[in-house]
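All chains are identified by letter, namely A, B, C and D, in their written order; residue positions are counted from 1 within each chain.
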Amino acid sequence: MAELTSLREAVAGLVHDGDTVALEGFTHLIPTLAGHEIIRQERRDLTLVRMTPDLVYDQMIGMGVARKLVFSWGGNPGVGSLHRFRDAVENGWPVPLEVDEHSHAGMANRYVAGASRLPFAVLRGYQGSSLAARSDTIGTVICPFTGEQLAAVAAMNPDVTVIHAQRADRSGNVQLWGILGVQKEAVLAAARVLVTVEEVVDELDPRPGAVVLPSWVVTAVAHVPGGAHPSYAAGYTTRDNAFYSAWDPISRDRETFTAWMTEHVLDPARVS
Amino acid sequence: MSAAEQELGWSSDEMMAVASARALAEATTCFVGIGLPSTAANLARRTTNPGLVLIYESGTIGAKPQVLPLSIGDGELADTADAVVPVPEIFNYWLQAGRCDVGFLGAAQVDRFGNINTTLIGRDGRPDLRLPGAGGAPEIAAHAGKVLITVRHSTRVFVEQLGFVTSVGFGQGDGDRERLGLRGAGPTQVLTDLGVLEPDPDSRELTLTACHPGVTVEQVREATGWPLKVADDVATTPAPTADELGALRELQERTRKAHRAGS
Amino acid sequence: MAELTSLREAVAGLVHDGDTVALEGFTHLIPTLAGHEIIRQERRDLTLVRMTPDLVYDQMIGMGVARKLVFSWGGNPGVGSLHRFRDAVENGWPVPLEVDEHSHAGMANRYVAGASRLPFAVLRGYQGSSLAARSDTIGTVICPFTGEQLAAVAAMNPDVTVIHAQRADRSGNVQLWGILGVQKEAVLAAARVLVTVEEVVDELDPRPGAVVLPSWVVTAVAHVPGGAHPSYAAGYTTRDNAFYSAWDPISRDRETFTAWMTEHVLDPARVS
Amino acid sequence: MSAAEQELGWSSDEMMAVASARALAEATTCFVGIGLPSTAANLARRTTNPGLVLIYESGTIGAKPQVLPLSIGDGELADTADAVVPVPEIFNYWLQAGRCDVGFLGAAQVDRFGNINTTLIGRDGRPDLRLPGAGGAPEIAAHAGKVLITVRHSTRVFVEQLGFVTSVGFGQGDGDRERLGLRGAGPTQVLTDLGVLEPDPDSRELTLTACHPGVTVEQVREATGWPLKVADDVATTPAPTADELGALRELQERTRKAHRAGS
């Protein structure tokens, strides 16, 4: 059963140096503040996993928590590049960043296999793409009925998956709705699960489009209102489009970036 | 606007969006990438194809946004969709299953066979330039009934040789899609701010088939990084109509207002 | 886009002799009246597919429409055997019935592969079971990453899938909720789709737990209130438990069965 | 009730249900088959394990029915569940992934290694007797943390040799589950109306470890179709308590009323 705890205690207990950590969220419900807590606790050598790494991963990479990124699209949506991600890959600053790069279809199916506790998933994908040759988690398999060759991707089973959701009840059952992305699969694929929520309620009344993750598949729930900013939580917050644009100049320059992170993330006054 | 554009009364980007929207006139469903493709698809819903079903990789099926989304996960896409499904489902049950008539893609680089690079670009004496990566493009390019590509025309984009093939168009030419088991028809049109390229029926090499009004074949040749094949009779794209321009500008103005407010 | 039509016209147009037909429904939302229309139109040599064939399949088999049954559990839930199914398998009455028999996990994954347009699906299943040796749609596959052997099942792609749902709008978008079974997969796996609904409405307002099947993946929608009886449609009808019990004596005897079907199903007065 | 049962004040079926409910005292989650297993699991929620999470193959997770369901798809299971998921998901993400501590099964036939037949039974000079088939059982038997089997004890059920193995217990004995790659511990208890059988720690052969009150070892031997192994010290199952019987009878009475009304 999930424990209701503080974000600081949850990260301290669940995220360790060297872990494979997925902070999932498909433009909606991105667990940004959980990422900031991981930065504050100075985790190192993490393998970060996410289909769509954006600002919070740019920040984590720029602060040196990651040694590897497993992903399928790494950009600032509607704005452009992730400059800290590029600096790490192109110049090894602040530390070199290894990448395992997939398509969305491949990454989604890696989580599906992980959630199903299968070693791999089958899809029609990567045919003719240079991606296949560069990843040891992309292979092929032959259909035993038709003889057809298909793509295979290795299961993704993070040590820890972190997501942000709208609500939890006091027993730690979690409810999220709107664009659901790959969060259910990422949660069910992981050994440990941390969920930050906008609100803790007595009763999770049914909602259209909502999924419920039972308390017994979640390790810890932390009450973190606004925890997805600059992303959003449908029904609670709206996407801060201006911040995505503002991030571009902040992140272009190492010094500007470091100063911003120091003031806005490391600043003890902001520690949860 | 340039002097030419002021004279014409519309910009080359507007011509590109209008031509792209016209290319969607016949489609039932379109799997939409963000940016120029999303502009074109939403313009099509206001002009050539009001019933067009927009599918975004965030799992929103039948989205009907009033303003252009900044990301494929904007709340309005979910709020206005016929159905919102998880991301694994959108790729497995919908895209891979062949339920998308058109896949609409942008690109960082395109070669003469309509192959796309959105991953990385080699640079002399410097580390490779890192791009955002594949996203949904490789499987959109593989499974969509046909693929439309829209991108601004320049020698930086239309290159002789791709250092990295992220998404396959026609590979090295005729027959390669079949050899690779790619089920869709591949890129049937590349719509740029200068004109329209279409694959040669035999060789599959991209060929200039239309120039936008005021654009010469020579201009397009100069903006292309390989000796561009040119059709025997190059058409001139009909200029944007007042309705098309009105719909596009109204959409973009509403989008600017909304996203200013939203921030 | 789905056409709104009568049940009779829909069956006449979509279901042909020799077709592979899945009338799906997992105890909830079973398209019973569509099955009766198939009986009235005297279809023959159908391959009937369903995870849980129950009364309507007992009736269809007893009336001689099927040459083969693909399934994973064939009984009268909470009551006992399907006597017409048994008579067809054990004694070939009224015609011999071939079976392709799976587990629920295997059948569910066959539909998943079909909906995904993959030739097969991978699962951990059938190990040591006598089922594997008796079906040519069960095989094995080796994981290209771990070398582990897993079960493979062939994709199921019916010529026609028939389901019953709560509601459709006038453009043929379909909405169902409650226990969803494998209906979405069965619909997306099929070449043609018929949906019978309790109600046709102007607007499908969002409902907790509801899924929507867009009109453009449905071939025909027919308004058939009570079309799931003796099964039920959550929010519209309740399960007729007494009928499930009453079916046992009716179906034990060939003559009693035939008389009952003649009066209750073939009787022209009841034809939609 | 038989004379013996009248004397005891409870029936052997009630003893079987109570013993089964007690076997669920430690579990977090139970994947529940319909019939006797469902009775036992719902009784456990009212006696030994109020927090027990019931998972039915219809996709209802955390169902809390007030009355016993007649089918695994009764509306009340969905109405009272924490979550309702599609059938492929319940088998792939929940059962196969090892999220069910206990799988509770019935059976038509059981052999000495706890293998189960629910498919067909050969008959001399007549066609095989056709049973409903596998349902979810093969994968429940494979993936559940452990398996409990509850069935009425007779030589028709407990047979020397299965003509058809639908769901595997311990195969042909120790090590077979590991060889077959079955991840769960297999059938750790078979709870009948006469007593309790448990696998021998070495051979995995089912062994009589407890008789219900008033039942002799000889009676169980006679009701078993093979020479039954008997533990050195056979325990006597504690009789049902007044609370256990009260809860069971109240549940069954409420069920009778509800399903009469429902029909």
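Just so it is clear, contacts are C-beta pairs under 8 Å (C-beta built on N, C-alpha and C of every residue); 3 or more make two chains touch, one makes a residue touch a chain.
Fair warning: this is a prediction, and the values are worked out from it, not measured in the lab.
Annotation: A-B is the more contact-rich of the chain pairs A-B and B-C, by number of C-beta pairs in contact.
Placing every chain at the mean of its C-alpha atoms, the farthest one from subunit D is found to be B.
In terms of their C-alpha centroids, the spacing between subunit A and subunit D amounts to 41 Å. Once the centre of each chain is set as its mean CA position, subunit A and subunit B turn out to be 28 Å apart. Residues of subunit D in contact with at least two other chains: 92, 96. For subunit A, residues that reach two or more other chains under the stated contact definition are 116-118, 123-124, 148, 184-185, 209. Every pair of chains that touch is listed here: A-B, A-C, A-D, B-C, C-D.
Subunit A makes touch with subunit B in their complex at residues 26-28, 51-52, 71-75, 77-78, 81-82, 85-86, 89-91, 101-105, 108-109, 111-112, 123-131, 148-149, 178-182, 184-185, 209, 232, 234, 238-245.
Residues 116-124, 137, 139-146, 148, 150, 152, 154, 206-210 of subunit A touch subunit C in their complex. Taken in their complex, subunit B has these residues touching subunit C: 28-29, 53, 61-62, 82-83, 92-93, 96-99. The part of subunit C that touches subunit B in the complex is made up of residues 115-118, 173, 184-185, 188, 211-214, 216-217.
Subunit D contributes residues 34-35, 57-60, 69-75, 77-78, 84-88, 91-92, 95-96, 119, 127-139, 142-143, 164-168, 171, 176, 180-183, 259, 262-263 to its touches with subunit C in the complex.
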